[in-house]
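Once you scroll down, you'll see the structures, which are given as structure tokens.
What follows is a pair of complexes built around subunit A, which joins subunit B in one and subunit C in the other.
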Partner chain A sequence: MKLKPNIATSEAGFIFNPATGDSFAANPLAADILARAKTGLDAAAIKADILARYDVAPGQLEKDWDDLLAQLRDFNLLDQ
Partner chain B sequence: MKLPYERPTLRKLTAGALHKFGPRPGAAPTTALDGVPVAELVARFGSPLFVLSERQLRRSYQAAVRAFGTRYPAVQLAWSYKTNYLNAVCRTFHQEGAWAEVVSGMELEKALLNGVPGPHILFNGPGKRRADLERACVVDAVIHLDNADELHLLLDVAAGRAARPRVALRVNLDAGTYPQWDRFGFNLENGEAWQALGRVVASGRLALVGLHCHIGTYVLQPKAYGTAATKLAALALRCQRELHTTIQYLDLGGGFPSTNTLKGAYLPAADTVPALDEYAEAITGALLGAGFPSDELPLLVLEAGRALVDDAGSLIGSVLANKRLADGRRATILDFGVNLLFTSFWYDHHISPTREFSSQTEPTVLYGPLCMNIDQLRESIALPLLAPGDTVVVHKVGAYNMSQWQQFINLRPNVVLIDEAGAVHLIRAAETLEYLQQLERVPEHLL
Partner chain C sequence: MPPSETRPRLTVAVTGLNATDSPGPGVAVIRALRETTDFDLRIIGLSYEALEPGIYLRELVDKTYQLPYPAAGTAALLARLAHIREREEVAVLIPNFDAELFNFIKLEPELRALGIHTFLPTLAQLDARDKLNLAAFGAAHGFGTPASRPMHSAFELPAAAETLGWPLVLKGRYYDAAVVHSLAQAEQAFARLSGLWGVPLIAQAFVAGQEINIAGLGDGHGRCLSAVPMRKLTITDRGKAWAGITLEDEALLALARRFAEATRWRGGFELELIRTASGELVILEINPRFPAWIYLTAAAGQNQPAALLRLALGLPVPMMEGYAVGKMFVRYAWDLITDHTEFQQVAALGEL
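Then we have the complex of A and B:
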């Protein structure tokens, strides 16, 4: 997962795309994931951290991870 | 201890048009129904599950009686069987004092089996067969005549009977609503109703006891009922004057709305639907001012269905899966669809989660489990981030769903009644494949 470099994120979950003017609200976990992704952490490391900290089964996380990627792609926030 | 998990999600922020309304409140969870935890109900009876509240059934009935009874001296409710003819529901209303309003031979038998005396059964409906009419005559139910063919069929049935069958005439009229319902009964304005009344009385074979009208369903204008009551009362007075026949009761039908929101409505029904008191005021005001002598006021009969039972029913269901549609919208598949929630075709039902979630919501399309494109419960609803296995409660589903439900693709589930003491009773068991197939016959060459 690699966000476009110009995408602005905040700790509160506000996401802004200056290229399009679109803004988004991320829930706490999505905001956390995006913040980590911006630091360059890879997907495996982020997922391992989530599994260690949250009450979620690996299979559920994988499904939700794919769904988050689909949303980011749909909102044109990923660096293709 | 690990942190509670909620799937990561994004929501695009859109300003939308300016308006005066504040943000919608988050979906408050419904953790229990009448004090019984939803989780316990699901563990005992499975999902999906219809739940009826006896307390609410009685409360709604008593509220209707109060609304009309405090304004008019003689009021009788007749429970509309088609709205929900589960015996436990019918018997609750009969215990409260309701008569029965039935619209088929099957419903007539159900009412009799529920202990309703024949004279307290009002037989409506546009499709009565000869056998139905004969049975109604035997048990002395009041037959609400719908059309001229039915009138002549009944005259034939009545010939030679010792007692004259008691009848009321169904009248359709212009109450100022659009579209005007004219498929039930005889029209007032074109003289058809008066002609039929003349024939009933002149026959000498039928006892004319009532006049009936049913102006529509989910009628939002109390004034329309006032108009209908005025016209029906004038017709009753004309019967007295010109046919020398006293009309014992005027039946204003049903059609009173519940607080479910119709699809396409701009505001929630709770904010827009008139209170039952407004309907009562319109009807009773018209009757009291119609010109009847004060000691000869006809009995006012009402056939409320939805207004009595809708609030008392809930449907518990579970999330089977989440998916994302091609255009990016979230979709959630539930274990009940339009097969069980027939009213989702015309209501945007209020749907609650059953546990606490964060305030994050996502616009979601709600689908049922049927492999049919029409099985869509909501085109868009803001729900918290439900996961497979989570349960939801659909509120106010007591009317029509448990009689119009379909055995289609899935079997019908358990229905329970929570009594006033909080005890849970199974009032209709979940169907089985054996139940489904018991009436089928396979030709020998296919065995």
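Then we have the complex of A and C:
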């Protein structure tokens, strides 16, 4: 998962795309994931961290991860 | 900002004081001009109707004179401006309505003889970007524009729909537009728009996508001195921006630069665009003046009206680089209180 370089994120979960003017509100976990992705952590490292910190089954995490990616792609926030 | 007493005094006249729900740009232009650090300004408002709100914004407009309607012609306009010039040392005049530009451009030499400077497009530039000529303009310069055709009669609607498809956009020559989805809607809209604005109307193919506007300033030699793109966040039922946000997109800035270069545009302009789902930029309209949201350019760091003031006076204006991305405007309605005596003075004497 690689966010477009110009996408602005805030600790509060606010996401702003300066190319389109779109803004989005992410929930705390999504905001945390995006913040980590922006630091350059790859998907495997972020998922491992989530599995260590949350009581979630690996299968469920994969499903939710795919949903998040689909949404981010749909919102035009990912580098293609 | 340097204290006003250290700056040279300058009188500037501005039209477009109708800051209504379909606003003219004048009040926003004045607000931006007021932020110039170059001059200590006296602002003369030029109005057409007695209830244009800008007339009564006394903190922005020092004095207002009414003008004859554009249909009265250049002689009546020149006589009125000469009268005003006898009373006010107007050095620069900034017209802000599409419909009045022809007269002001025609009068440029006479105005200069009166000591009044303007910085306007040429008549050829004005004509080339006219809604009636937009498709040819796009083809000539390689800009994407919607297919369109002039409409002189409602009888032409079925043929237009056949060529351009549904929905169809019907536009007045200068103002107003309607998106119609059926022949019945089209006939109704044709009657309304032609009744208000006359014919021809323009039928344009509907283009789906994200609506984006760019405010720009051309130096008349092919350079785009400033360009600020904005996306409308809230739109009124008349399609006017009620809130908007500045964007960062090199493709939009490149388009504005290409427009200024291709046309050697002189003065303020606004490109109304659609970005389609595939990313194509389609120009829907080219307005030959600043838009009503022009104050956002000043707020974002590129004060286009203040730069135009310098251009009109023959002063150098450097290319403006960089602006605040994500800067927003949110328009609001405000009940301005005045007195009937002021209204009467405008209505009866044509000045306040």
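Keep this in mind: the second predicted complex is superposed on the first by the 80 of 80 C-alpha atoms of A that agree within 3 Å, B and C clash if a C-alpha of one lies under 4 Å from a C-alpha of the other, contacts with A are read in each partner's own complex, and residues count from 1 in each chain.
Note that in this section contacts are C-beta pairs under 8 Å (C-beta built on N, C-alpha and C of every residue); 3 or more make two chains touch, one makes a residue touch a chain.
Keep in mind that what you see is a predicted model, and the values were worked out from it rather than measured.
Undergrad: Using the superposition on subunit A, decide if subunit B and subunit C clash or fit.
TA: Subunit B/subunit C on subunit A - fit side by side.
Undergrad: With both complexes overlaid on chain A, does A:Asn6 touch subunit B (first), subunit C (second), both or neither?
TA: After superposing on A, A:Asn6 lies in contact with subunit C but is clear of subunit B.
Undergrad: Under the stated touch criterion, which partner chain does A:Pro28 make contact with: subunit B (first), subunit C (second), both, or neither?
TA: A:Pro28 contacts subunit B only, not subunit C.
Undergrad: Does subunit B (first) or subunit C (second) touch A:Asp55, or do both, or does neither?
TA: In the superposition, A:Asp55 contacts subunit B only.
Undergrad: Quick one: classify A:Thr39 as touching subunit B (first), subunit C (second), both or neither.
TA: In the superposition, A:Thr39 contacts neither subunit B nor subunit C.
Undergrad: Which partner, subunit B or subunit C, is in contact with more residues of subunit A?
TA: After superposing on chain A, more of subunit A is contacted by B.
Undergrad: Once chain A of both complexes is superposed, is A:Pro18 in touch with subunit B (first), subunit C (second), both, or neither?
TA: A:Pro18 sits against subunit C, while subunit B stays out of touch.
Undergrad: Once the two complexes are aligned on their shared chain, state how close subunit B comes to subunit C by Cα atoms, in whole Å.
TA: 7
Undergrad: Using the superposition on A, tell me which residues of subunit A are in contact with subunit B and, in the other complex, with subunit C.
TA: none
Undergrad: Along subunit A, where are the residues that touch subunit C in the complex?
TA: Per the touch definition, subunit A meets subunit C at residues 6, 8, 16, 18-21.
Undergrad: Which of the residues in subunit B come into contact with subunit A in the complex?
TA: It is residues 2-13, 322, 324, 328, 358, 360, 385, 387 of subunit B that touch subunit A.
Undergrad: Given the complex with subunit A, which residues does subunit C contribute to the contact?
TA: 210, 231, 233, 244-249, 325-326
Undergrad: For subunit A, which residues are in contact with subunit B within the complex?
TA: These residues of subunit A touch subunit B: 15, 22-30, 32-33, 53-56, 60, 64-65, 67-68, 70-72, 74-75.
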